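In what follows, chain A forms one complex with chain B and a second complex with chain C.
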Partner chain A sequence: MTANRVPRVRRAERQYATVGAVIVAVLLVIAVLSPWIAKHDPFALGETALAGPSANAWFGTDNLGRDVWSQFVYGARLSLTVGVVAALIGSVIGVGVGTIAGVRGGVTDALLMRLTEAVLILPRFIVAVAVVAFLGSGISRIIMVIGLMSWPGVARIVRAEVMKVKNLEFVEAARASGLGRASIVFREILPNSLGPAIVVASLDIGQAILVEAGLSFLGLGDPTVMSWGTMLNNSQRFLAQAWWMAIFPGAGIFLSVLGFNMLGEGLRASRRGTKRARNGSAAPDAGGEVAA
Partner chain B sequence: MNSVLRYSLGRAAQSIPLLLAVVCAAFALVKASPGDPVTALAGDFPISEEYRREVESRYGLDQPWPVQLLKYLGSVVRGDLGFSFMNNEEVSTLIWQRLGPTVLLTGGAMLLASIGGVVVGTLAARRPGGVVDVSSQLAAFAAYAMPVFWLGQLLIMLFAIKLGWLPAGGMRSLRDPKTGFEGVLQVGKHMILPAVVFAARYFAITMRVVRDGVIGGMDSDYSIAARARGVKERRILVSHALRNAMLPVVTILSLNLGFAMSGTVLIETVFNWPGLGRLLFDAIGSRDYPVVAGVFIVLTSAVVVINLIADILYGVLDPRVTE
Partner chain C sequence: MGDSPILSVENLAVELVTPEGTVKPVRDVSFTVNRGEAVGLVGESGSGKSVTVMSLLGLGRRDLFYRLSGKTVFEGIDLVAERGERLREIRGRNIGMVFQDPSSFLNPVMTIGKTVLEAVTRGRRATPADFEKRDTLLRDVGLGPDVATVAAHYPHQLSGGMKQRAMIACALAGDPELLIADEPTTALDATVQKQVLTVMRKLQRSRNMAMIFISHDLNVVSQICDKVVVMYAGRVVEKGPVEEVLHNPQHPYTRALIRSSISFQTERGAPLNPIPGEVPDVFSIPPGCAFFPRCPLGVADMCQAKVPAPVHVGPDHTVACVFAGVGGEVEKQPVIWRSIDAPH
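On to the complex of A and B.
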């Protein structure tokens, strides 16, 4: 019917990666340089409360007179740290579980996959809320909880790849040439199985940012660091007076999650390359969990 | 039917350890929380010596922890989730009172999402790469990245504060609560914003699934056969491709229903909607630990059970998965 339109869709999907990378890069620069580009200590009380954006305070001030731009900049640092570290923890566990299940197969595989399904079913946001509410809201604990709940996606995809790769000729060849089991796994199977995991990990970063923001919005954030979610918790009472208190931190969360999602989907689209049929979707995996 | 039954029982058997694990996790959290376990069970609230002793004997805090765990499991299975000293009410009663608004909001949002998603998804599938398709794909990207509580704040600022069209929060007007038909209208008006915010993400999911399913269906053998018989394109679209795309929609929506229930915490907090999520938020704020543990157990178990029902439903609708 409209087959001639298809290449345009595919080209657009590849561009997602570029757009995503640009968004992530800008936020990364803000996060790294935050002590220099923030004009004030994000917690320092100022003299004028609820002042709108001006040359003096670019993003206005909050109800305690604190500079919203400075809070925003430190919020970027926190969100990116949480997202990347939590996704890294999840990926390490996921790669471990997925590799063991894929290589060993049999009962080990069945047990590990039951465990993976169980963790996947649990609503990770509610679990994080309960853990933080009972155990306290230190930032390392928040990162740990998110990481420990976000490995199943990577585990499943790595397992599937390992199963595919482990019977290919080059692995057979390595086995025939007398290479040990460990070196086959680490030098032959793993490097060829991690590609799709990077896509999932990139999407996990976005999800982790959303979970942290949601926790902080509920007042469960670490009070010693500035978080976009905490800023939105604060803005809730001043929606009628100070739109700037809500607009900027929310846009920060939205853009950073969008950036990592686009990066992940763009990478997925370019991995699929020309094999991709026109009936594929570029939207994130619809079966996955929807955190915050 | 035999294989479907066996499959359903198998899935149910898998869910029981998970449900037990949820209750054990709640127990472990109460145990691991810093400070006095009586505080963790009764809430951070000055309590009488008499009540302290009652809590201690009820949960057997002087006994070894395996005994305590069994006691805790036993009371949860009996539907006893403890007592909220702060609300002077059984936790199970509190939860029961708040369940209605949450189910209403979740149901309304899911209905909105599935109708909207099927309509827009079908329109997008008519011209892949066309204006509707590309813009709906971008909208889906936005919906996936949107923190629901921020979307809620944006809509409150626009529709409640600036335009004054809709209420900013709550379920009924506090000043002028209506009953009967007018009451229904009032609740409906309060529900529009939270339901739209809630639906956004599930609308995007449904839309993409329908779109992909319909495009695939238009290329499939049965559509080609229908086309060869001279059936009109529109008819193929609706009664062949769309019908076959509905099964994954049912599955994905019912699988997401569980997660959606747990997403209510954030939305109910923004809109002050008097449901389970708002109860949890208030309990966190006032350190009412029995309520936190109770809502955690109920919401998590609901997710597990709804997932189980979705899986069984899928087995009934498509018996191939049970073999």
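On to the complex of A and C.
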């Protein structure tokens, strides 16, 4: 099969994507099913505080007797929502800015790219802290801030791809068959430019999760929703007595960021692979000949 | 053959402004294409064939600023003066274009069916009639009878010949009166080449479509074209009916091209006859006749003084060479051409 033509290191890199996807999928299932798999309301006070993991409370209980498993499950839901929505906002803005810059070129491009760089050099986390400190910490506000900070990466890569793709022959052919500007941008150029943007977006999800966890850890998170960061913050005072309060939210943050990063890197590696195969003469297509 | 010209190109010149300076890849090109007629545009790489037709349609290097001068009248519209929306209407609807390499000229993320359908609808919403038209087109170019299967495939799943057929289907989607084919068979292997040529010729005849066929292969041109225009370094050096130009070439460049070409009649072991030297760089085109440095006949004073004006050597046969018509000095080249096959 196709994989045999790919060097072993490449293949290992591609398996990153698979591992990442599995981690992400598990977290996604937990997040989606959280009302059913959490045994309690994450804020509901229980009778025994600081109880260790047991059959009754899988991840133990916290200082107020709340079920850590339930908190973990709702924390997953929050982290994934923040990550995905923020990265989505960033991607939409990034794809828009990148496409306009790439298609128009010239002065428009120069201006948009300077703006992109201006946003890029702002330290995401510090700005998020500042905004939340000033405007208060609603979860939708946190998502917006992270989203509005995380578009430059996508914008830059989309611009580069658009500039490359817009001069490719099939775009010329579309122009020759009389297609309008909008059709050419949306049907010919964009679908062929989004591959690398997906990679960057999936790395952005990990970043967004980290920023939100960081804010919550500092006590700047939304107090009305359960977050892994809040749980960690809470655990500090009881680290000596209740390791389970720290280890599970910590593992959640670690695994989710790792999962999205591996997914992104793996996708990047497999894109490299297909590109190489496409350009090589011996392997005209990496997808395999599927002709009927 | 109706003698009303569908396209007349008069003194077309293209100037490209590049970072290294302004170049003129096309200078003073004139020719006409009549309704239903196939015209071959011949020359080595870099002689300005592609730039000539691309500039007609407002295509080509968009990152470089280019200026056109002269007049190209297509159905009463001057394409040189026309820009933007009007030109877009003409592209695809009145003039279809087939490109050289079907692999890179088809959108890799769209199925063949979608690509052809898009050429039919040109951006508007597709109706059942459009789908029918798409299927007819695919069948016409020989991708039938099971068009649904072919339409569902992506470009990388098809062979080069099938892709080229799909591209021809796209070019025909607007029922153009003129088809421009830029080396449509160069990227294909010999057997497929012949099939694609046969399809093109059949469709050109049955639709009574005019065609500009760019090629550097005189064998192909002799089979498919009625007229031939030979270009060198951005200028037309010889043009006329294909039989006449190929059997009685007057320009030393045309002769050299003919002598250098290989056909099935070429005897095994016969020496190849490449044209010595190479096509001049657009940045340094020699003064006077651009072919002079490679020309076996050239006389410095006469050839370098000025660009030779085209001279009539037959009713429709013109040659831009100071020796044109001075038949005695030049030994005639006996050329045997493959018989033109009847369309299948």
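Quick notes
Just so it is clear, the second predicted complex is superposed on the first by the 267 of 292 C-alpha atoms of A that agree within 3 Å, B and C clash if a C-alpha of one lies under 4 Å from a C-alpha of the other, contacts with A are read in each partner's own complex, and residues count from 1 in each chain.
Simple rule for what comes next: a contact is a pair of C-beta atoms (placed from the backbone, for glycine too) under 8 Å apart; a residue touches a chain by one contact, two chains touch by 3 or more.
Predicted model, so just to flag it, every value in this text is computed and none were measured.
By the touch criterion defined above, A:182 lies against chain C but remains apart from chain B after alignment on the C-alpha atoms of chain A. Contacts of A:192 after superposition on the shared chain: chain C is touched, whereas chain B is not. In the superposed model, A:141 lies in contact with neither chain B nor chain C. Looking at the superposed arrangement, the partner reaching more residues of chain A, out of chain B and chain C, is B. When the two structures are aligned on the shared chain, A:40 is found in touch with neither chain B nor chain C.
When the two structures are aligned on the shared chain, A:168 is found in touch with chain C, with no touch to chain B.
In the superposition on chain A, A:14 contacts neither chain B nor chain C. On chain A, the surface touched by chain B in one complex and the surface touched by chain C in the other have residues 278, 284, 287, 289-292 in common.
Residues of chain A that touch chain B in their complex: 1-2, 5-6, 8-9, 12, 114, 117-118, 121-123, 125-127, 129-131, 133-136, 206, 210, 213-214, 217-220, 229, 232, 235-236, 239-240, 243, 246-247, 249-250, 253-255, 257-258, 261-262, 265, 278-284, 286-287, 289-292. Chain C contributes residues 57, 59-60, 62-63, 88-93, 96-97, 99, 101, 104-110, 118-119, 122-123, 149, 153, 156-158, 167, 170-171, 173-174 to its touches with chain A in the complex.
Listed in rising order, the residues of chain A touching chain C in the complex are 105, 167-170, 172-180, 182-183, 187-188, 191-192, 278, 284-285, 287, 289-292. By the touch criterion given at the top, residues 14, 17-18, 21-22, 25-26, 29-30, 32-34, 40, 127-130, 133-134, 137, 140-142, 144-150, 153-154, 156-157, 161, 168, 201-202, 204-205, 208-209, 211-212, 215-216, 218-219, 252, 255-256, 258-263, 265-266, 269-270, 280-281, 284-285, 289, 292-293, 296, 299-300, 303-304, 307 of chain B touch chain A in their complex.
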